[in-house]
Amino acid sequence: MKNVRILYFASVRENIGKDAEEIELPAGVATVAALRSHLRSRGGAYESAFAEKALLRAAVNQDMVQPAAAIKAGDEVAFFPPVTGG
Amino acid sequence: MKNVRILYFASVRENIGKDAEEIELPAGVATVAALRSHLRSRGGAYESAFAEKALLRAAVNQDMVQPAAAIKAGDEVAFFPPVTGG
Amino acid sequence: MKVAVQREDFDLGAEVQDLSKQSQSIGAVASFVGLVREVPMTLEHYPGMTERAIAKIVAEAKGRWQVMDCTVIHRYGALKPNDRIVLVAVASAHRGDAFAACEFIMDYLKTRAPFWKKEQVAAGARWVEAKAADDQAAERWQ
Amino acid sequence: MKVAVQREDFDLGAEVQDLSKQSQSIGAVASFVGLVREVPMTLEHYPGMTERAIAKIVAEAKGRWQVMDCTVIHRYGALKPNDRIVLVAVASAHRGDAFAACEFIMDYLKTRAPFWKKEQVAAGARWVEAKAADDQAAERWQ
């Protein structure tokens, strides 16, 4: 099992029409940036939601991380736009 | 009538044993600093309360002022230690 | 330390009172309340991460300033104009620490806590865009 | 603007609520409560000048920052440990202005408003001495 759980929030969630999914990590996908590229390659709503120019943030296991951050099986990875609380 | 009303607060009030008095401005006493010297010249409790080394502040007509500030008949002049509220 | 992420409103007076009476060494409580301006909105958040992110921000504030206790409450869900959104209250011996830690926590909340505002404007609902000014406010503490 | 110099306690929650509801343009209320630390004290003040000095400080804050409304309450008379002494609350559209104006008003109050604290320590009563740190805090705004 090389599954990761992916969560989507705010405009990302709305654009792809789901708030979470579990996927098997494809071979060679070991960073947040690589996962983002993989999701973009699915085409359709994913292609625009994860477009290179889309301003996105990511968290791994509920810590905000940079695109180069490593991911591994069992992680919870989240994608969302820059935060606007407070 | 060349009277000024003088108010004393906190340790100044306690040291000279009164909270206010009305005095006739002596000839030549036209600034806060000069009034302070005049009060010091009274001797006794005034001498120590208004000693050169005593850290005092003054207000004229309820505005905090510098020692060189002018005073004139009818003014309300107050002497007090540096403030400690808040 | 109290961190709460909740739908319900909060009571500033009661929260600051709870903080104030922790210790007779507390001489200063700085607090901040953020309110909804003009437009109804819905606040979405990332349950679990939100509390974790706020706790990390508070821990960082405690490492930088003398903080005796603090309370952070952030609401989510549907809010209307004038509703309270967020409370940050910091108790310290002295006011300089209380003010700095309170403002620091707010600035970091704005850029690091996973909340998203969707405003209900006349033309429909739209996600609020992050402000460069908020990034700058957070960066000045680095 | 509300300025009060009074013996009575105040209610932070109610005061901030009053400020907050003035306008739907208010997005931020920063507030500060100063408390008596450890030692009972009596606060003396200069009636008349006190209100005037506070009003001048508030006017200066309004000239420097975007302040929509503000409330300053300072108590005098006998106070015991943990009692509230002072409240400064500033409402603004944005948090930066609210925080800056609130801290500015507190720093100026500390050095320009005619209040004097007399502490009741074990050895007897003694007037609190002004702190150089307070002068420095006020000077950084110049």
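Things worth noting here:
Going in written order, the chains are labelled A, B, C and D, and every chain counts its residues from 1.
One rule holds in what follows: contacts are C-beta pairs under 8 Å (C-beta built on N, C-alpha and C of every residue); 3 or more make two chains touch, one makes a residue touch a chain.
Here the structure is a predicted model, which means the values were calculated and not measured.
By the document's definition of touch, chain A and chain C have no common neighbour. Shared contacts of chain A and chain D, meaning chains that touch the two of them, come down to C.
With every chain reduced to the mean of its CA atoms, the largest distance from chain D is reached by A. For the pair chain C and chain D, the distance between C-alpha centroids works out to 22 Å. With centres taken as mean Cα positions, chain B sits 72 Å from chain A. Chain B and chain D have Cα centroids lying 26 Å from one another.
Rounded to whole angstrom units, the spacing between the C-alpha centres of chain B and chain C is 48.
Those residues of chain B in touch with two or more other chains are numbered 86. In chain C, 34, 95, 106 are the positions where the chain touches two or more neighbouring chains simultaneously. Looking at which chains touch one another, you get A-C, B-D, C-D. Of all residues in chain D, only 11-14, 16-17, 20-21, 24-38, 81-82, 84, 93, 95-96, 98-99, 102-103, 106, 137 touch chain C in the complex they form.
Across the complex, chain A meets chain C through its residues 7, 9-11, 55, 59, 62-64, 78, 80-86.
The residues of chain C lying in touch with chain A in their complex are 34, 43-46, 48-49, 52-53, 74, 85-86, 106, 109-118, 127-130, 134.
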